[in-house]
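Scrolling down, you'll hit the structures one after another.
Both complexes below contain subunit A, partnered by subunit B and then by subunit C.
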Partner chain A sequence: MIDLDTFLSQLVVGLFRGSLYWILAAGLTLIFGVTRILNFAHAAILVTGSYITYTIYVSTGSYVLAFLGAIIACGLLGAVTEVLLIRRVYGLDPLYQLLLTFGVTLVVNEAQKLVWGKGSVYVPTPEMLRGGVAVGAVTVSYYTVFVVIVGFLLLLALHYFINMTMMGLRLRAVWRDPVMSEVLGLNPKNYYTLVFFLGSAIAGLGGALLIPAITVGPGLGDHLIVLAFIVVVLAGLGNIVGSYITALAIGVTWSLLTLVTPELDIVILYLISALILMVRPQGLFGER
Partner chain B sequence: MALDRRDFLKLLAAGVGGFVVGTALGYAAKPSEVREVLREVTVTATTPVERKLPKATVRIGVLGIRSGLWATYGEFIEQGARMAAEEINARGGILGSRVELVFRDEQADVVKQARELVDVEGVDFIVGIDSSGNAMRVGGIVDELAKPLIVTHAATHRLTEELVYKQGKKLIFRTSVPVYQDGILAAYIAKDLPVRKWAGINGDYEFGRVSWQLFQETLKKLRPDVEFVAEQWPKFGTEDFRPFISALLASDAEALFTSIWAIELVTLQRQLVEMGGYRKFKAVISTLGYSMDVAYALGKDYPVAELGTWVSGRYIWLYPPTSINKEFVDRFKSRWGKLPAYSSETTYAAIYLIKAALEEAVTLDPDAVAKAMEGMLLLTPAGVRWIRPEDHQAVYEVPYGRIAHKGAEVPLLDDLKAVPAQMYYRHPPFT
Partner chain C sequence: MILVYVVLALIPLTGQRFYIYLGSLFMIYAIFALSYNVLFGYARLVSFGHGLFFAWGAYATALTTLNLYRDPLVGVLVGIVTALIPSLVVGFLTVRHTRIYFAILTLAFGMVFYSALVKLRWLTGGTDGLVGIPKRGVILDISSPQAYYYFILAFFIVSTLLLYAISRSSIGLLIRALGGNEERLPFLGYSVFQLRLVAFTISGVGSALAGSLYAILMGVVTPDISYWTFSAEPLIMCLVGGFEHFMGPLVGAFVIVVLTTIAARFYEVWMLVLGLMVIGIVLAFRGGFTGFLETTWNLARHMVVARGGASKS
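For the complex of A and B:
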């Protein structure tokens, strides 16, 4: 019999996990929505964000600088990748895009090994977010709650940016109809670069949030990208609100399944995903 | 001055005579422990022609995980192999033949890599292998490869019990202690702890399952009053353990057993602290908790449970306290800048096992070399290793200890507990 405390702590832990998936999926789905590129290298960029957070934190001791540094550096990394490489494969068969971004992933992974070594690194949880609330035998740390809140704020910010600002309106124009928006004087190329900057900056934020919570090593992105794709595809490609709900649902379902059927948790999760896609190939919330 | 045949023979006779007299005098004067060495030198000097290998280089293929999150383990294997090869070559090689190493990533289809090592690179031996699954795959084709395989990390007992002992694949050896260390010896530590209810969190793959099973079986025999109240099975590559920990904390367990390793263990330990695991569990046994990557990564944050965080590995750098081990640790530190990881030592030992076997067999014929390895006693940093003839498993002991912070570059261990290897290893016929 599961008591309420256990259920609650499992729920919060699931929301935390879901929020990390969401932050990872947010940039991925934003980039796909506008540019129609499935960026396989997205998680590798996120992990680079973790490493940059680590380096800045170790040398300055400041979380704020480390977080900002990771966000900006990853944004720039994404933008440079778009300008130098991705730009050449717009409109081509998705296979070329996957191959190219997979190649970028390999380069980024190897570069991580060269710069930061093969061992694992982490940074401690920020002082003011240490400790937590006891829910039964489990301490739900403030940091866990912090990540859930940041995830929600990111959703609000993206929603506001896309739907309520002039820049967002232009972005939506390029998103919906690149040809017509070009006729109206918008240069889609600039917006593609912008969206790669934004999506990768969100990955940088994810990386910064990740490294105090888990341990980071080279190639961690390869493990994360699979779940990010599951979230994005289940939600419906390019659907931002849908991705948020799906990510949280996956996090919570997984967490509760771990409690009930620890042997089969992931099997059941994949089974549910497969069933959903059989019934709704366009995803739960539809493509945008 | 030109020598004719007669003069040459005279000189030779005088030289040999002088050598024998000198040796005999030296032999009488030297303390007993040096005599073994002197005898060997005498044998070498009198039969120089036969004691040469048929090739000028002995090529050794080295497999390890060299990509992804566990790449650091391939590096450990490489460091041990390189150091041994450098030392051997600096002293004239193996019977005059140089040692050459060829490294391959076992993550890139290990069977293909093993075949290429033999067919393309022409290696005479294969050493290394981190993953149990990979060790079984290469072990399965060892007769086809027709080269001795010395496993230095993968821990499944099936490699030596099934492939060598039951199926008679006589080319397979292992210099690292198998899962007996994780499952059986851990139970010897657990039996003395004043706790009754245990929980387990182990990887959802062969190694994780076998260590938890052996731990439970052994502990139940040693302490029939214990109970196993919760278990969790995170998959290989789990990056967040919070849901599993939360579920374990919901049980009434008093102590925790885990064979999770490497980067995953670093995360598990940190999240256990964060979620109150170290308030709930009075004792924690972490079978690979003293792997150097984990010790360095956690450093001063390595959590200590009330009754101890008990950790081990397949060799730990501070045991045994012999000069051989101390010198190895010092040399390793100055060569690589860090304390030796266990698989560095086990691979280092494997290269020296090859050297010893070749010096005995004086041929590269795989069967003859394997025969020479059987039953061999080898003095290594981890102590005396005996290559058990029946299953080709190196028998040596590795202790457990409690994590203690003493301001060193890594946490140290208190209360080292060693059990004679003969007591905790499984023995043929493995029933």
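For the complex of A and C:
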């Protein structure tokens, strides 16, 4: 039988994983929500963030600088991609949009191999966040707590930004009706670039948070993008709060499945996701 | 088409093992890409899960020849026939959806299959895969390069002729109509669901054939061939060759196989080139290589016609 402590520690692992998935999915769903583009390259950008964190940390030794550097660099990478490439395919069949961002993914992945080599890189947990708190017999590391809190703060920040600021209001206007908002003097293109910057900057944050948790190497982005797609589509594309809940649910479900059937945990996870998608293609929190 | 067959039939006469291997690989990828295009080019459904069917064929062949009946021909036939099961099941479950939802659903099913291949060690050998798939069997012995080459060529000719016949048949036309205007089909009394399922099954079984031949050629199968990045290969081939034209995926498969094999020797950055190619095609040449040829041809003809008209007046 599974005892309570094992259950609790797996639950914490699940929340930790779920928070990382949320940060991974947040930018993707934000970008889709406003521009209607499902950015295949999102996870590749996130992994670039991890690599940049690594480089800045190794050369300066400062975590704060590394975090900020990753966020800004990824934001710029996203914005440049939008201005140079994605801008040209807005009116086209979604097929081409998907294929274009897929092409970008290949390029970004290979560029990473060129710059950082084919091996894995790793950054130790920040000094401040080493150690942990004991909850019963289970020790929860400070880093886990930190990531879960950052995830929740990101949710609050995004929610506030979109629903309570003037910029958020304008973004929603562009999202609802690009033509009408253009008539009212907003240039949707600027907002698309802005949203690519923001979404990719969040990916940079995700990349920076990811690298002390796992080693980063080639192929990681290919693996992450599948999870990201599943989170945002399951939640309902463009739904921020829904993505948060879904990401946590997937993280926790995965951890608990590992406890029950370590053999088939991922198989069952993907199967459940596929079944939910078949019944509700608009997602759990989406509306048609 | 006949020209392609003749050239392919002549390759083993060079006696170069390298060309024979490359030719075999090309035929396998061409079958994969042509089958994929039934769904992608005709019905305009983007699947990110076709590695599932390729891997199904490969693993079915591997398991049959290793455990049940030691013969490559029987192995390939089992691969094709059993592929009807996943094609119909996954098709039945996914073709109700379109666009991004279809892409994500096929991706999810592909990942289910991939993780099952990795995790079910007792059956599939996990990440190590299955080794020692025989070329020499009870009925057929195709262990010499020429023999397995002609074995693959025979399947290549039969399957491409079949696919061509399908593309010209009324069913093929109806599937193309799906990509063109699917709202209109029900008014004409056709079921969009059934047509999509037919397209899905054809492309699934064709991909499985490619997978079966791949298992025989390589002698080894690993779960990589069901990972989603592998599912994207026929997509890239269709895109590079041009998915509007029947021969497009064939041209795409040729370009990719030749470039991967040759370019990979010189550049580490081959995938970078491929990515730039995909971006370039989406931005500038949406018809792919065959589309580009067609446009140039039409343009040239118009110019000739225009000049001819001018000289007469």
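Heads up, the rule we're going with is that the second predicted complex is superposed on the first by the 279 of 288 C-alpha atoms of A that agree within 3 Å, B and C clash if a C-alpha of one lies under 4 Å from a C-alpha of the other, contacts with A are read in each partner's own complex, and residues count from 1 in each chain.
Assume a residue touches a chain if its C-beta (ideal position, glycine included) is under 8 Å from a C-beta of that chain, and two chains touch if they have at least 3 such contacts.
Computed from a predicted model, the values in this text were never measured in an experiment.
Superposition of the two complexes onto subunit A shows a clash between subunit B and subunit C. In the superposition on chain A, A:14 contacts subunit B only, with no contact to subunit C.
In the overlay built on the shared chain, the residue A:160 is in contact with neither subunit B nor subunit C. Legend: residue contacts after superposition of the two complexes on their common chain; A:273 is shown touching subunit C, with no touch to subunit B. By the touch criterion defined above, A:233 lies against subunit C but remains apart from subunit B after alignment on the C-alpha atoms of chain A.
Of the two partner chains placed around the shared chain by superposition, subunit B is the only one that A:214 touches, whereas subunit C remains out of contact. In the overlay built on the shared chain, the residue A:107 is in contact with subunit C alone; subunit B does not reach it. In the superposed model, A:119 lies in contact with subunit B only, and not with subunit C. Of the two partner chains placed by superposition, subunit B and subunit C are both touched by A:263. The clash between subunit B and subunit C in the superposition falls on 116-124, which is one of the stretches 8-16, 116-124 or 278-286. Comparing which residues of subunit A touch subunit B with which touch subunit C, the overlap comprises 109, 113, 222, 263, 266. For subunit C in complex with subunit A, the touching residues are 44, 46, 93-94, 96-97, 99-101, 103-105, 107-109, 111-112, 115-116, 119-120, 227-229, 232, 235, 239, 268-269, 271-272, 274-279, 282-283, 286.
Those residues of subunit A whose C-beta lies close enough to touch subunit B in the complex are 2-3, 5-6, 9-10, 13-14, 16-17, 20, 109, 113, 117-122, 124-125, 132, 134, 136-141, 143-144, 213-215, 217-220, 222-224, 254-255, 258-259, 262-263, 266.
By the touch criterion given at the top, residues 67-69, 71-72, 74-75, 204, 231-233, 235, 237, 239-240, 242-247, 249-250, 262-264, 266-267, 270-271, 274-276, 279-280, 293, 296-297, 301 of subunit B touch subunit A in their complex. In the complex of the two chains, the subunit A residues touching subunit C come out as 38, 85, 88-89, 94-96, 98-100, 102-111, 113-114, 222, 226, 229-230, 233, 237, 263-264, 266-267, 270-271, 273-274, 277-278, 281.
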